[in-house]
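Take a look at the structures below.
Look at the two complexes coming up: subunit A is in both, with subunit B in one and subunit C in the other.
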Partner chain A sequence: MASAKAARLGEEVWKSRVDKVNAELVTLTYGTMVAQLCKDYESDYLEVNKQLDKMGYNIGLRLIEDYLAKSNTMKRCVNFKDTAEMISKVGFKIFLNITPTITSWTSDNKQFSLIFEENPLADFVELPDDGRAQDELWYSNMFCGVLRGALEMVQMQVEAHFISDVLRGNDTTEMRISLIRYIDDEMPVDDD
Partner chain B sequence: MAAIPSIACLGVLGKNNNPLHISIFPSQPTNTPLRTPLQFSLLLSSTLDIFAARSTANVNSNGGLSGDFGLLHAIDERLACYGFETNTGVRFVAVVDVRGRLVTGERVYGGMGMREGEMKLVFKQMQRAYVRLLQNPFYEPDEHSPPGGKGGRKITSRKFGEEMRRIGENWMPGTIAA
Partner chain C sequence: SRAAGPVAVAVAGEVAGEKKMDEEEEREAVFYRLEMLGYRVGQGLVERFSLVRPRFTDTLDIIKFLCKDLWMLVFRKQIDNLKTNHRGVYVLTDNSFRPFAKMSTEPGGNAVGRAQPFLWFPCGIIRGALASMGINATVQAETAELPGATFQIKSITTKP
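Let's look at the complex of A and B:
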């Protein structure tokens, strides 16, 4: 079973090949950054979401290389379901030591949800009480960008966004990920 | 039926001697607070001088600050103030009503009053709640106790308020660490 294998791999990499860092340092660093973005953009939360996504994208582009090196996976995922397993059980596991639950597949196997039971980025956080942050800010939006960037580097164009967040008072933190297309190795236009 | 101590008010005071948070709890048998919010606020302010006097005395005698100031003063036959100060100058005050709660049943400690160190747990929990508040990136310590300045805004966090309420309502003499 691919799922169990992925879990084992994630566990092994987390134990043996990852440098650990204090969780509060990560939480506080990310928190300060989001808070500062909110200040810089004068509480234009939609813009803050966009910036977080962009930063995440830039992280993802680089992180994927590290992920591939650490997980030692040379073979491609056979389908998008496989990819989802690897994201949750290896990717999130080795970088954050969490394994979000994969659910809500669409029938064409191109869309799924990740449910974050725990989210190290959002520990201690309480969104500003200005009546808008609760409806507009996706605090952990960087994750979306990371996935988008990382998958793009391995020929998958995806769209990712949060649809609920416990910080907003929802019951779960859920991210929706949809595969748009596999990017073929495109030939330069003028090259016959 | 016996009356045992309960918490009548929890206060957090900033390093500018400004009130950061005040929670008031009802006392039995009438189930209403013993004093008005203004009176509680004045009571908390009155502890500031004692904090200052004690720290000076402590420093002069090389007493080694431990944070827990114990009993600050007894106001009347019912109310007494206990205090705790952190190294950053934030002070937690618990006003205890010595006969604030009525209990029945076997475990009746009526009339026993307060023992030494009884409030330690309350202050530990308050400090933990305060630390969690500080870790929220959207909380601005500087707005609440401007450096070198005067005053500062009160804490508006809902989580912190709820936590204070929980601490105040659940405390009973002899409670063991929760």
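Let's look at the complex of A and C:
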């Protein structure tokens, strides 16, 4: 789907078919959860990143169904560039009312970045001031898992991770997404 | 454990009564954690959204804020019924509690039992919200039939 068309679709679904919830409630709830994870794992931020990714993955596995139902897009994306457009302009739009910017494609069209000019998860957030969180914690890491889980359900194995975050003092918040492979339909082994 | 049927549970219980105890403790720990998460969210919400309104005059005023403004903010509707014994107990009834709205209720599926865990986080929100408005309380919730839910607030100390 062309970029402009995807944007129109996202806008329309957001306006007409999405139950809204107070943004600050989301921010507070997510923040409280991250804080609890930091406590549970005794500030082992690498482990916290992993847990956030895992939670996101489990959300993504189910969220894709809601995405497909709401967006009502019966057509498969023709290529990974198309997929990127749909993620940004339809997926992020209908669930969070943001459209991260797509940039930095590799020449093989298998890797791109999403730049988050806005991030509802990270409003009013300050990372722990312990000298480590700034270097180790990827606060919004749940997003990576959501994409990984959701795309897996539509036959794409991807890898996603943040490479910068304004919360860490970087200029931008940037996620890198790589297509590893398209998953073939496979028959279960013992099913004849 | 969700996939295990009653038979499997009974067998497992016989084999290792100890294990069952652990599971029970684990569940309690999860509920405690959910409640505490809600508590922090409730505190945060009140800090943020009570700023622009006039000072509360008494406890009932605070409870009303909870039933109307806060409930609207979190669940996009107001509490349907409020009862009090005027001695620090308040019972809030929500006839169509949002988190329950889309739960399936297959016959014999113990939907009410399965819905219970979803009440801990909201209980925490209420307790946290009340705490930041100066009321220490215990909050208990139950549901007799989906999608309804009732919340019982018992204030421990009320402001003079």
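Going forward, the second predicted complex is superposed on the first by the 187 of 192 C-alpha atoms of A that agree within 3 Å, B and C clash if a C-alpha of one lies under 4 Å from a C-alpha of the other, contacts with A are read in each partner's own complex, and residues count from 1 in each chain.
In this text, a contact is a pair of C-beta atoms (placed from the backbone, for glycine too) under 8 Å apart; a residue touches a chain by one contact, two chains touch by 3 or more.
Because the structure is predicted, anything quoted here is derived from the model rather than measured.
When the two complexes are overlaid on their common chain A, residue A:E24 makes contact with subunit B and with subunit C alike. Look at A:T32: by the touch rule set out above, it reaches both subunit B and subunit C. Using the contact criterion defined above for the overlaid structures, shared-chain residue A:D129 touches subunit B, although it does not reach subunit C.
Applying the stated contact rule after C-alpha superposition, one finds that A:P120 touches neither subunit B nor subunit C. Of the residues of subunit A, those at positions 24, 28, 31-32, 35 touch subunit B in one of the two structures and subunit C in the other. Subunit A meets subunit C in the complex at residues 19, 21-22, 24-25, 28-29, 31-33, 35-36.
Of all residues in subunit C, those touching subunit A in their complex are 33, 36-37, 40-41, 44-45, 48-49, 73-74, 76. Put simply, subunit B touches subunit A in their complex at residues 132, 135-139, 156-159. Those residues of subunit A lying in contact with subunit B across their complex are 24, 27-28, 30-32, 34-35, 38, 123-129.
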